[in-house]
């Protein structure tokens, strides 16, 4: 494995900063909430995760940390250490379990309301937009799982394992959503599609 | 018929990219959803349609395909082939049936909610904004038809033919809206007016 | 009276274009709806009114017409004739009756919903934002009048006269709002304040 | 105590102008409503407060006044006098009581609706976003106090004293919210987090 150098990290950091600014403008990353990641290496797993405690509409290319499969910060030669999000462990777990290359965690009101209304999971069906989750637009009941919130990432990871059934999204009650894809663009698209789908479901009642 | 050259296509593509960015910012083209078209030639019919699988807020002038009256891609000399939207066939059908020169297909939550609530069609009346659909602001009941969704464009086309009654818009249940006009600006205006009208109707209950 | 020259008109037109772009971005001037005016002269009355049939987010400084007290277009030497909004007559009437120097007419969903819910007028009270309408924040019941819609400006003017009671705003049912002030900035502020106030009233139910 | 000079004041004014433009774009400072402050000195207390009667989306660095602990304007040598907001007295009081270095006062519809629905205070619990208010995401019931509105700042200050219990936010009924922090960035984050939390609570019903 080649160690990621500063140039590689800054390129990933710049890309995640653009994505974060987009979600921030949508009101999905209020205050310092939410975090984004990209897989840098797979064996062993290394991810770039947005830094903790920063305004997500104003991230800079350097506001990115490297974490390992447990979400622990890994120091990279030539990089100033940045504190990764406390939720980096769940990002890493999702990448390890699903093979995702990018994970988006945002705090949308639709996610919180849907998780409260349907604690057993949000069932979506007969909506064209389901194709963005690689599911059918007709006659295909897609259950987006809902898991209880926790500050303990290993607890969240265990709940994730129980709930995960192939759908590339999960809601955390009272918290927000995790959505992932094969690259950052697909993760963005699925994040936006999920919010739209939850909006449609909530309007339908 | 003169064959559209690259310059003509790029000009149309640039115009559609600007429109798509506008609708994307409104949240009406989440993920890669929705597509826009302009008629290039009428005998035989040729349309420029936005490319499939791209972020609709980030289209470039080249992200446009040429399709015939059945929505099949037509190769143009000097143009790199681009995969047209799967829904290009309905764009072409609408242009052929109505004489429209531009068709806008977006995924709005208002369209999906209205189609669910009023599956027999959305009746709008006594709203000044109806003038944007070339209808009367007083005493004129306008029924925007609702058709069932399908992945088969010939099926959608047949449903369109049954439902079409002169109103320049149709809702596809669980999916979104198609709106058209004599040029791209009029199609934009009617698209925005329709969303406003559906919003007013949904609030009225 | 000095006749307004092209320079003066373009300055007013540029100012109204900026205001229109603002309201357009808020979704209050969808399609070509709504219009703005500024009083140019008072004896006799002359107003600059935004042109009809243009996208209100894309007006240019020349997209402005001069109208008289009846809302009829007045040709100005050196200016290309522009078709004024059909609603220019109501702008002129409001300016003549109230002494307003600027009138804003927009199509907000809150205005339409409030007019439908409270056809006898929208009563607002005990809201700090009422100060933007020069009314009290406490114990002051402000009734924003609602009048029936019409395509006949003299009919709307007569309804306005019956309804007007000093509040610098009126709702037209199924249509939108007219708001005015001593200059374009005050008209903007009152327009925004009215929408906020209607939003608060509608949420209170 | 060194007296704040023009350079210092303009730097603070520029920062507050950027914040105000942000909140204005969110619709939280409609018309000329709302005001922001930063503490300049603590013994005795001096604050910079945004000027009264200006569009909060278009403030300039000079649109800032200096006030003392009672909210009275203090003339600074070399600075043109600017009329401070009438609410400056409450800003100063909050800074004195809580030790805040920055106070944000905005008019959100969520604040007004929540204050009307829960006049005894808005209880929030089991929401991850509570961490932005330095409270727990689990099992921690946070009551955001609601106080009655007044045009008399000493009356509002007395109500504040009765209601304040350590939560860095208060709702003023029929008016808006006051939120504060150790710097302007934290005050922004808490303002955005509060609006999100109120939105979540209102959706939960």
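Chains here go by letter, A, B, C and D, matching the order in which they are written, and residues are numbered from 1 within each.
Note that in this section a contact is a pair of C-beta atoms (placed from the backbone, for glycine too) under 8 Å apart; a residue touches a chain by one contact, two chains touch by 3 or more.
Bear in mind that the values here come from a model prediction, so they are computed numbers and not experimental data.
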Set of chains whose contacts include both subunit D and subunit A: none
Chain-centre distance (mean CA atoms) for subunit C and subunit D, in whole Å, is 32
As a quick test, compute the distance in whole Å between the mean CA positions of subunit B and subunit D. 46
Using the touch definition from the top, which residues of subunit C touch two or more other chains? none
Does the chain-touch network form a line, ring, star, complete graph or other? ring
The subunit C residues in contact with subunit B across the complex are 27, 30-33, 55, 107, 109, 112-113, 116, 149-151, 172, 174-176
Interfacial residue positions of subunit A with respect to subunit B in the complex: 126-129, 132, 137-138, 185, 188-190, 192-193, 195-196, 199-200, 203-204
